[in-house]
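Labels run A, B and C following the written order; every chain starts at residue 1.
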């Protein structure tokens, strides 16, 4: 059993944005030398998240961001957090701050349409992603 | 440390449906020969998800599906994805495409009322579930 | 590869409550003797969840609970589950029953503002949390 950890930075440009990081995660897996196992993709921020969804058609991400913003409005009477980003924190807990993907033959075992996304909910910011590859 | 992977197919019958797959996952754990560790249950589809919730009373699943459909309507002005299943993609990211369960004494360490569900959000379809058991 | 499992109990006081369990999880990691790896924090209940979010300002948790209760009302026409806690089950599947955190140098690799929370959605109750530390 081998454990290899990497991290990388990304810069987001909008307040709400989904950025495809499948390439960076796949590279970390290749570089790890691990053939079979899994990889954890972890976001160390409380106003962002990681999700897996379709990366072929960019309108899918747009519709996910639209839906999240309709479910969790930026301003709402009742919010008590003074920073004005309660919506960002809520979206982070709804989507979740990590995902795991299985590894087979040194490759991510994603479905045909799946990509891994960093979800920015309080940008633009410079963000960090942790990647831990584990296996043999 | 041992890593054993299996996969199985299921056929869904409705557009939105939760199917109890606890039995199939438990069998994969038994067959793996692993005594202690964990199992990742992974859905390689972008309009479906995996969740853990009550499997004793089927009305729980019905109420979860009802709530998700009220939160994320099938049609909405503003959706841009042309396939008409933006709601399915959104539900997938809200619920999440994988779960992990701990293994002790060759058994799933689920709570008394917990079962593992495959969540179909764009059925009916033939779907695949990946199961990776890891441990000793 | 070493696998160490612990569990602990918590008592919740409100119907909806987020309790910071970062200290208990960090202690389990220290006691495990594991230097690098990850920890799974698992909730074996179907009306509760685990999330990672800001634990510096308590208004963040309050706003997350407020948002979840507005998204998923306690009573709604259409709920079929007789126990009157369909909302609790829905929130559990939206937030998710487990989280995983990476471990480096015997410590949780959380972001500066991240804490691990047990989310009670049907309290007050006595609850259990499972913690599995894995690594070397």
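Keep in mind that, in the parts below, a contact is a pair of C-beta atoms (placed from the backbone, for glycine too) under 8 Å apart; a residue touches a chain by one contact, two chains touch by 3 or more.
Bear in mind that the values here come from a model prediction, so they are computed numbers and not experimental data.
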C-alpha-based rotation, chain A on chain C, 0 to 180 degrees, nearest 5: 120
Chain copies touching (chain B, chain C) - same or different residues, decided at half shared: different
Where chain B and chain C are represented by their mean Cα positions, the distance between them in whole Å: 19
Residue list for chain A, restricted to those that touch at least two other chains: 1, 71, 94, 96, 100
Touching residues on chain C, where the partner in the complex is chain A: 1, 36-38, 51-54, 57, 59-60, 62-64, 66-68, 71, 94-96, 99-102, 104, 109-114, 135-136
Of chain B, residues touching chain A in the complex: 1, 3, 5, 40, 42-46, 71-72, 76, 78-83, 86-87, 89-90, 92-94, 96-98, 100, 128, 130, 132, 134
